[in-house]
Amino acid sequence: MQETLSAADRAKKAAGEKVAAMVEPGMRLGLGTGSTAAWAIRALGRRVREEGLRVVGVPTSYAAEQLARAEGIPLVTLADVEALDLAFDGADEVSPELNLIKGRGAAHTREKVVASLARRFVVLVDESKLVDRLGTRWPVPIEVLPMAAEPVLRQLRRMGAEPVLRMGKCKDGPVVTDQGFWVIDARFPGGIDDPHALAVTLSTMPGVLDHGLFLGLATDVLVGQADGQVRHIRRP
Amino acid sequence: MQETLSAADRAKKAAGEKVAAMVEPGMRLGLGTGSTAAWAIRALGRRVREEGLRVVGVPTSYAAEQLARAEGIPLVTLADVEALDLAFDGADEVSPELNLIKGRGAAHTREKVVASLARRFVVLVDESKLVDRLGTRWPVPIEVLPMAAEPVLRQLRRMGAEPVLRMGKCKDGPVVTDQGFWVIDARFPGGIDDPHALAVTLSTMPGVLDHGLFLGLATDVLVGQADGQVRHIRRP
Amino acid sequence: MQETLSAADRAKKAAGEKVAAMVEPGMRLGLGTGSTAAWAIRALGRRVREEGLRVVGVPTSYAAEQLARAEGIPLVTLADVEALDLAFDGADEVSPELNLIKGRGAAHTREKVVASLARRFVVLVDESKLVDRLGTRWPVPIEVLPMAAEPVLRQLRRMGAEPVLRMGKCKDGPVVTDQGFWVIDARFPGGIDDPHALAVTLSTMPGVLDHGLFLGLATDVLVGQADGQVRHIRRP
Amino acid sequence: MQETLSAADRAKKAAGEKVAAMVEPGMRLGLGTGSTAAWAIRALGRRVREEGLRVVGVPTSYAAEQLARAEGIPLVTLADVEALDLAFDGADEVSPELNLIKGRGAAHTREKVVASLARRFVVLVDESKLVDRLGTRWPVPIEVLPMAAEPVLRQLRRMGAEPVLRMGKCKDGPVVTDQGFWVIDARFPGGIDDPHALAVTLSTMPGVLDHGLFLGLATDVLVGQADGQVRHIRRP
């Protein structure tokens, strides 16, 4: 079946299978959301079924939970485990310092909770996600309390960003996250000068739950290629 | 600008402008959600600005609220008004008895709360929405508590329906409504035999908030045509 | 330690231990919420730890989930199991027909989802909960979408009920349920004439998620006594 | 009727009436939550009704919204007004620098959104709320996504705090906020050394929506006394 995959899917699959191969028996895992993480969950499910690999997973979203359940991966919650041995997830942008922008799937708040508890956080991408500077291609998704959306939009504009409220395609009005919040996609023309300063600014804005900047969390990046090769970048 | 509208949009606009023309000074209005109701809100906003028409509106969704605010229509809540004089909204299907299927925009729960309080509930559609029998073209959207999604899906299948959980396009995983719930779209092959019996069955399913069957609520249907004409069907 | 328990707690404990003793290996259980169900969960946890009893439980609330986890009872969701073998829960009132009013803990919506999937639904009470007629002592809790609270309050008053919005003690404003909804406690002076008709009326009110009438669900009632005896009432 | 008030209520009433007297025509106001702010809303309602004072208010909670509506104060949202001229609210602790701990009513997230938009933020307290050092009497309430409650509790313990999940009295399980989140009350034995550093730490914890430290926001503190006098402290 592999020959029917697009080049992008072959790259995603390669990265997903690579991280599944890194998992060791007994590990407590963070299960990411999105199409690349889904390849990893499927490969992991195969190991669980075929090798009898014993692991438990904490899903980062309903989507990850449903897939992991279908794949037979035992699920636990963050009340069951104190720490995670390894978490994996996709990303929209990866900087040379292994800082990330995430959140196109609107799952970044739970993804960050999970990633922050992992000893090792492995990011799964293809080459197109590697950037010299964060914010050059993708906006930063910001999850916001609906009643605070307007003030946050105005404050972002004053900061020079170009923010838009993400609207639904399968529902009228704004996209609603798994927490019942909204998402503002804030584009920063020219990219982000100081991601750490921006992260603190966004986190301390009243009404902001969390944002898509993942700084200092990734320990490994697996860059899948269309030919099935995977480049492994480690945090220095 | 009208010449650039599609035939479908000209029909929607005609119906929307017609209901806006039916509004009288002092009326308390229910403001519907969706593309046809949006034409009505815009036409109403024009009357508010140009004629000084004094009305108040209760929006059925964040989408309707944002548009109405932009159009300068004063907004109130259901804690401010005991009843509504007129509410308008779109529909996915309209039966000869003026029963409806609504909910493609996932706003049907709030829409039904508002419609049920209106002395006159005016439905805005084009000819394609008129059906001989409910359920022949569209599924019935059912808003469900996430933890109850699986049992409700199973119960619907046992009833002979073909239900699917509505998935997001701008977020990973299920579409989340303005209330934080999920939507199951239940197709009934061959259409719905007894809408009233089905409505009670769905409403009394544990974990179901509300469904897209609107029975006995519509008093008027305005059927817009591409040539700008509007056919007015009244409940007998 | 038992000598320090109040008479009410001894009765609750007796009923809770009795249902825990009814559990058989391999059962899929619904775990109720509230002080009486908590005794059952603790007794069940003891059997899990001491006898190696193998069961899985679906909790009806965060409160039940936290207690069951602390007691070492393996938890699953309604996506994992198609049906439940046995569910247990408390009640505010039990009629001679084994119909119930539940919801003082604001958990009745999830409790009803769980109870409705159980082959056997065992209600744990003390003598004070047995009534000749539902509604004579307690109001019916109705879980409602906040935007619909006012119209539902008004409609209940028109029906002759005396409804009040339940207010918080540890938060300002209304109590918020685990689903983010509000609770209206509707007292019916003189009791409820026709519980089945009322249940349909409440379920079909726009904006109502669910209510505290549990009709035709209970198969067993265990009435705990202060002396440790338990009276077992079976549905005829 | 005033003679029937307790000393505490007389002090609250004095502060509430004082801030209501500071309001000028045309002002856009933030309306706080809690018993002291309620006195201010009532006094403001009197001015609206008796003097025809024209103002608009943004409520910080359902509780404030319901009271303001009953008092006849026109309400708007943060989508209607770009800034607020004056906001008032209570507090649990006030430091000599006019930094605050708020959140006993679990409304602090919306309260902070509103306070941060106000040119003038007036805090209403009695003498018992004045402390030399924040955190000596009250815990800091932290609003948290339920799935992140356990990791946040553990991280707070590692920081030397004594955190507890706030439990409901009128519902089983945790108190749920108006946003559907939970509240962790974190006591800091010996008080808080560096409130600014703690505020950033809390805001940047994954899964934390907001916390009860209000730093640099208060411009005025009105300290009500049981004899009806009010001491006015201004930010230097």
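Labels A, B, C and D are assigned to the chains in the order they are written; within every chain, residues are numbered from 1.
The working rule: contacts are C-beta pairs under 8 Å (C-beta built on N, C-alpha and C of every residue); 3 or more make two chains touch, one makes a residue touch a chain.
Quick caveat: nothing in here was measured; it's all calculated off a predicted structure.
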The chain pair with the larger count of contacting C-beta pairs, comparing A-C against A-D, is A-D
Taking shared numbers over all numbers used, above half giving same and below half different, the chain A and chain B interface sides are same
If CA atoms of chain B are superposed on chain D, the rotation in degrees (nearest 5) amounts to 180
Most remote chain, CA-based centroid, reference being chain A: C
Using mean C-alpha positions as chain centres, tell me how far chain A is from chain C in Å, no decimals. 39
Centre distance in Å when chain A and chain D are each reduced to the mean of their C-alpha atoms: 35
Can you tell me which residues of chain C touch two or more of the remaining chains? 66, 79, 179-180
Topology of the chain contact graph, where touching chains are joined (line, ring, star, complete, other): complete
So in the complex, the part of chain C that touches chain A is made up of which residues? 66, 69, 79-80, 180
Over in the complex, which chain A residues touch chain D? Could you list them? 77-79, 82, 109-110, 112-113, 115-117, 145, 147-151, 154, 179-180, 199-200, 203-204, 206-207, 209-210
Residue ranges of chain C in contact with chain D within the complex: 33-34, 61-63, 66, 105-107, 146, 166-180, 183
